[in-house]
Amino acid sequence: MLELHRVARLYGHKVVFRDVSCTCAAGSITLLAGNNGAGKSALLRIMAGLSRPSSGTAHFTMPAPRVGYLAHATFVYPALTALENLTFWREAYGLDIAPADLLAGLERVGLAAHAHEHAGVFSRGMAQRLNLARVLMLEPDILLLDEPGAGLDADSLALLHQEILSARKRGACVTLVSHDLVNDVPLADRVLLLKAGKLAFNGPVTHFRELAGGTEQACCA
Amino acid sequence: MDTLVWVIITNAVVWIGLGAYLIFLALQQHNLAARLTQWEMLRHD
Amino acid sequence: MRSLSIVPAMLVLSGSLTFACCQWLIYSYAPTEATMGLTQKIFYIHLPLAWWALFSFFLVFVGSVSYLLKRAPGADRLCAAAAETGVLLSGLALVTGTLWARKAWGVWWTWDPRLTTTLIMWFIYAGYLVLRGLNPPPQRKSLVCAVVGIAAFLDVPLVFVSARIWRSIHPAVFAAKDGGLEPEMKLTALGCVVSFGLFWAGLLWLRKRQLDLRDRLDTLASAAQQQ
Amino acid sequence: MLRLTLAVARKDLSLTLWRGNGLMQALLLGLLIFFVFSLSQEVGENLSPQSAAAVFWLSSTFCQVLIFNQLYALEEVNNSRLGLLLSPAPIPAVWLGKAIAGFILLLFAQLLFLPAAVVFLGQSLHGPLPPAVAILLLADTGMCALGSLLGALAQGQAARESLLSIVLFPLLTPLLLAGIGVGAQIFGNPSPNGPGAWMGIACAFDAIFLATGLLLFSFIYAGEE
């Protein structure tokens, strides 16, 4: 579904990472791990087509896939209500969804009661749920998540995990950037580990576990 | 003021300007050379 | 370390020397203009400054287009060097222009379309240099500068034409400065432009090479840091 | 593409006009400029038509810089820029949407500046109105095309307003000259040439910068941090 071939990323003169090649298949969850500054977010942006790789190629194997991207930033306009936010994104993405279905989407993330409240008064958890509703509305073929769980309460986190699993069931290709390996490794099918500017590990999660209880600890630290 | 003096002043202004830029370039070059030698010393350590 | 080519330095030197020789053309060969007298001699330095400034800005345009097409960092550095020399030369052209106007017509500034265009260009590219002096993420800065470099050059003809209309609506106080040039004057002016062109090329080359060098040093430094 | 454009334009207008303090800052700045220039008149004397037209366009330009800064700041709050970039529609649609929103806001501001010119600067309207309206619309189109292209350039920088002003102001010179030239005629300073030549300039400017905006916007508005 998603193919990277010898992708490198420079920041000015600094090599963030290079020679990253991998594929992400439909109906699988890939965990993208690495230390701070290893370039996980930069790699995810390249996967999303938000930034160009400094060299190498990144492309989707299917034509015009719907890409959902969920990051720490909530993409929410504080002065619009929850429903207006969602309506705006529907228009911006050119989707044909009835208003009733938009409300159902808010219901799904537990925001139905707050549909007509301004998003500015939302807590971080609520804003991120609204963001999740935006992504779910897309029914993405490719779902890219950049530590969306940071700062969320237990309920929101559980909802997020549930939606990630149902996206996989639907056949989406999910890539998840995470710090929290203890909680997120059980979700994943494959692991990509960025270390010292290279792809240090690329394989199934079982292999990753066998290979290093130690690596896992090192990453969490 | 005499026209000739005026013309000379004009020319002088131009060359002072150009000279100032050349001096700026020279200073920059000097800084770069210093950085380069420092870097080479570090590498030999 | 490979020693640096002496060509640009030679260009600067030979440009200055030939320009010095042109002084003979200016004062002995070219006839003194009838109405303005000696003041008109300023023209011979004013013209090359303005011409090469405009050409520098054209180079910024070319460099910007090629950066957007190929994303080569070298094109971006060429834009930086050309914009700097362009602002320098157009600034000096403005100074000589005002000094000339002061002596010839008793005013510091005339709204002559060419002089006005030079002033606006100076403003535009001075703003461009300010933009370059900022410190956003490097790749983004190059992109933004390239876009501004293109927009700026597309603006130049519009500025010129509008300055022309502006003046013609208000009765022209001063006739065109250098309408009919005598052949000797033309030859002299040409000599000045060419010899100053040598100087300009040397200057641009020096600056571009310097920026290249700085870039390479930065690369080495960050590579060393990463190891 | 059109749907994204309309969505952006509608959202920007509703956010600026009905939510938050919106246009107030830009309007107040423009009116203050009129007031300050009214101080340059001696007792019983009015500003010349040309000066009044210049003040009008000065206010409009400042107003426009603030408007586009604000329009692009909307996406900076929660990084919604990335959300727009992920839209399957082409990116220049965002440029067009913002340009349309800015155009309407600028026109709205100018509707207030015109009476201000009459009241503070003692002007009265002479001359044929259709060419005046035409040049106003043409100049605004060009200003918004360029403003919308460059509005995104200061993204993430401190002192965005002043940065945008120094880059944008000199580039707008042809339009300002056209606006002032025709404005002076409307305020009663007839010229033998009429507005024809200025129309030509404004049209050329619009054509060039509408094309530039369409072609180059996606380079400026990108996901790079």
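Points worth noting:
Order of writing sets the chain letters: A, B, C and D. Residues in each chain are counted from 1.
By our rule, a contact is a pair of C-beta atoms (placed from the backbone, for glycine too) under 8 Å apart; a residue touches a chain by one contact, two chains touch by 3 or more.
What you see is a predicted model, and the numbers here were worked out from it, not measured in a lab.
Of all chains shown, the one whose average CA position lies nearest the global CA mean is D.
More inter-chain C-beta contacts link the pair C-D than the other of B-C and C-D.
With each centre defined as the average position of its C-alpha atoms, the distance from chain B to chain C rounds to 17 Å.
Chain centres here are Cα averages; for chain C and chain D they lie 30 Å apart.
Mean C-alpha positions place chain A and chain B at a centre distance of 52 Å. In whole angstrom, the spacing between the mean C-alpha positions of chain A and chain D is 39.
Among all residues of chain B, none touch two or more other chains. For chain C, residues that reach two or more other chains under the stated contact definition are 137, 139, 221. All chain pairs in contact, by the document's touch criterion: A-C, A-D, B-C, C-D. Residue ranges of chain D in contact with chain C, taken from their complex: 146, 149-150, 153, 156-157, 163, 166-167, 169-171, 173-174, 177-178, 181, 191, 193, 197-198, 201, 204-205, 208-209, 212, 216, 219-220, 222, 224-225. On chain A, the positions that touch chain C within their shared complex are 10-15, 197. Touching chain B in their complex are the following residues of chain C: 1, 12, 37-39, 41-42, 45, 49, 85, 88, 91-92, 95-96, 99-100, 103, 199, 203, 206-207, 210, 213-214, 217, 220-221, 224. Residue ranges on chain B touching chain C, taken from their complex, read 3-4, 6-7, 9-11, 13-14, 17-18, 21-22, 25, 28-29, 32, 35-36, 39-40, 42-43.
Interface residues of chain A, counted against chain D in their complex, comprise 45, 48-51, 64, 66-67, 69, 71, 73-80, 88-89, 91-94, 127, 134.
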